[in-house]
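Which chain is which? They are A, B, C and D, in the order written, and residues in each are numbered from 1.
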Amino acid sequence: MSFAYHRTVRFADTDAAGVVYFANFLSLCHEAYEEALSAHGIDLARFFADTGIVVPIAKSSADYLRPLACGDKLRVTLRPALLSENSFAIDYEITRLGPPAKLAARVRTEHVSTSPRLRERVPLPPALTDWIARQQ
Amino acid sequence: MSFAYHRTVRFADTDAAGVVYFANFLSLCHEAYEEALSAHGIDLARFFADTGIVVPIAKSSADYLRPLACGDKLRVTLRPALLSENSFAIDYEITRLGPPAKLAARVRTEHVSTSPRLRERVPLPPALTDWIARQQ
Amino acid sequence: MSFAYHRTVRFADTDAAGVVYFANFLSLCHEAYEEALSAHGIDLARFFADTGIVVPIAKSSADYLRPLACGDKLRVTLRPALLSENSFAIDYEITRLGPPAKLAARVRTEHVSTSPRLRERVPLPPALTDWIARQQ
Amino acid sequence: MSFAYHRTVRFADTDAAGVVYFANFLSLCHEAYEEALSAHGIDLARFFADTGIVVPIAKSSADYLRPLACGDKLRVTLRPALLSENSFAIDYEITRLGPPAKLAARVRTEHVSTSPRLRERVPLPPALTDWIARQQ
């Protein structure tokens, strides 16, 4: 089961080519990730302060399939998967709602659980592994 | 009667000071403006193509009253007012929802109806004056 | 004497109207402010950690005089002025270099020296009052 | 031979984690691409108007190796390569200057030459194939 986030494309998302700037597709996905965590009771900003652990993005990839214009209604779905005890991936699909709905982009991010204090990888916090398990 | 737009603060809105970057308060307001026009049936992107008229922002001002953090729930209200046959202003309030709710910023933008082809000010299109009249 | 910062307009600065998004004029000015402080030996990010004092923007205003397009070469000049022992203002001019050079925007920001720990205004740190004095 | 672009990290590039927001690494690379084309005499914004051809990004990938903080001095190098008569890739390295200099990210974008009017892929314009050939 995947999580779905809805969003309208705004002027600030676009560039002079008249469509969403390519890097902003990744921001749209991160918004969906923040919303999914929030729906699970995790607040990313406080999460770090409480656990001393950060889970920065180590890799991203994106296939841009269709341009998105200001005012377009979007659905971003995401599905996380464990990669190791220290890391997980999230696969996203950005769909431009229609009719007809059209897949506009596929994005993937990989996240690594890290202790800034120890300067090394650490096991994912239970709140995150629990979130990942429930999204399967 | 004013229009209300709801939005959650995202990581992409914030900066290294841990709170929303000052210029992004203005973006939040423009999102509310886009949503208000859309609710009135006006699509800003297509509006220009159809009428050949643009209504760029000529002035902005902002009072930043409270910092906003990632995850904060916001309500942006706006109220437009005619300034002349060629121009209008919008007054915005950004409120951080609580409890207790707290006013976080007051923003004002002034917009001038312009014909890029004629390179001069032109009367506001009826769709906009109608929208402004209905928000009073 | 004022400080000058040079910058080329990038795609990421623009929106679907084909020109720089209005809120990004303020970002251009903040970049010039960061560069001016850096030229004076102040690193904003470390400054907070070292002094425990932040100087957030309490007000901004902008007059947008000309649109700026991708590739335009800009000069941003700034001039700070003390407002009180706790606050200062900066007046910016954004000029699109020519020939002929054209003034594209006037922006003003007001900054208030604050102690997040004490939750109150505090006198400006000497490094900042020194910077302001030298820019007169 | 590769092209090098220099840039200082700004507050607007960062997020509440205190470092450059992951999607902004891609923007940094696109800036370098715009600067490289400009140095070769190509103005991306006018290029489309003159040729009726756009070269949007169809894929991107990024390895984020080190966090970047506000004030960090960066060098972005890029190297383009033809993929087909319709497409090319650019490999970027973002280096945080030191001493010691440290590789902070590797990014790759793939671009496809497209005619919006014909709604199909078209051969790369000679100005772009010439730029790619000279960067080898």
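Brief remarks follow.
The rule is short, and it goes like this: contacts are C-beta pairs under 8 Å (C-beta built on N, C-alpha and C of every residue); 3 or more make two chains touch, one makes a residue touch a chain.
What you see is a predicted model; the values in this text were computed from it and never measured.
With every chain reduced to the mean of its CA atoms, the largest distance from chain B is reached by D. A rotation of 180 degrees, rounded to a multiple of 5, brings the CA atoms of chain B into register with those of chain C. Per-chain CA centroids place chain A at a distance of 23 Å from chain D. Inter-chain spacing, taken between the CA centroids of chain B and chain D, is 32 Å. Separating the CA-averaged centres of chain A and chain B is a span of 27 Å. Multi-chain contact residues, meaning those touching two or more other chains, occur in chain A at positions 11-12, 16-18, 21, 23, 27, 30, 45, 69-70.
Interface residues of chain C facing chain B in the complex, by the touch rule stated above, are 16-17, 21-24, 26-27, 30, 45, 48, 54, 56-64, 67, 109.
Residues 8, 10-12, 18, 27, 30-31, 34-35, 38, 43-46, 69-71 of chain D are the ones that touch chain C when the two sit in their complex. Of all residues in chain B, those touching chain D in their complex are 11-12, 14-19, 21, 23, 69-70.
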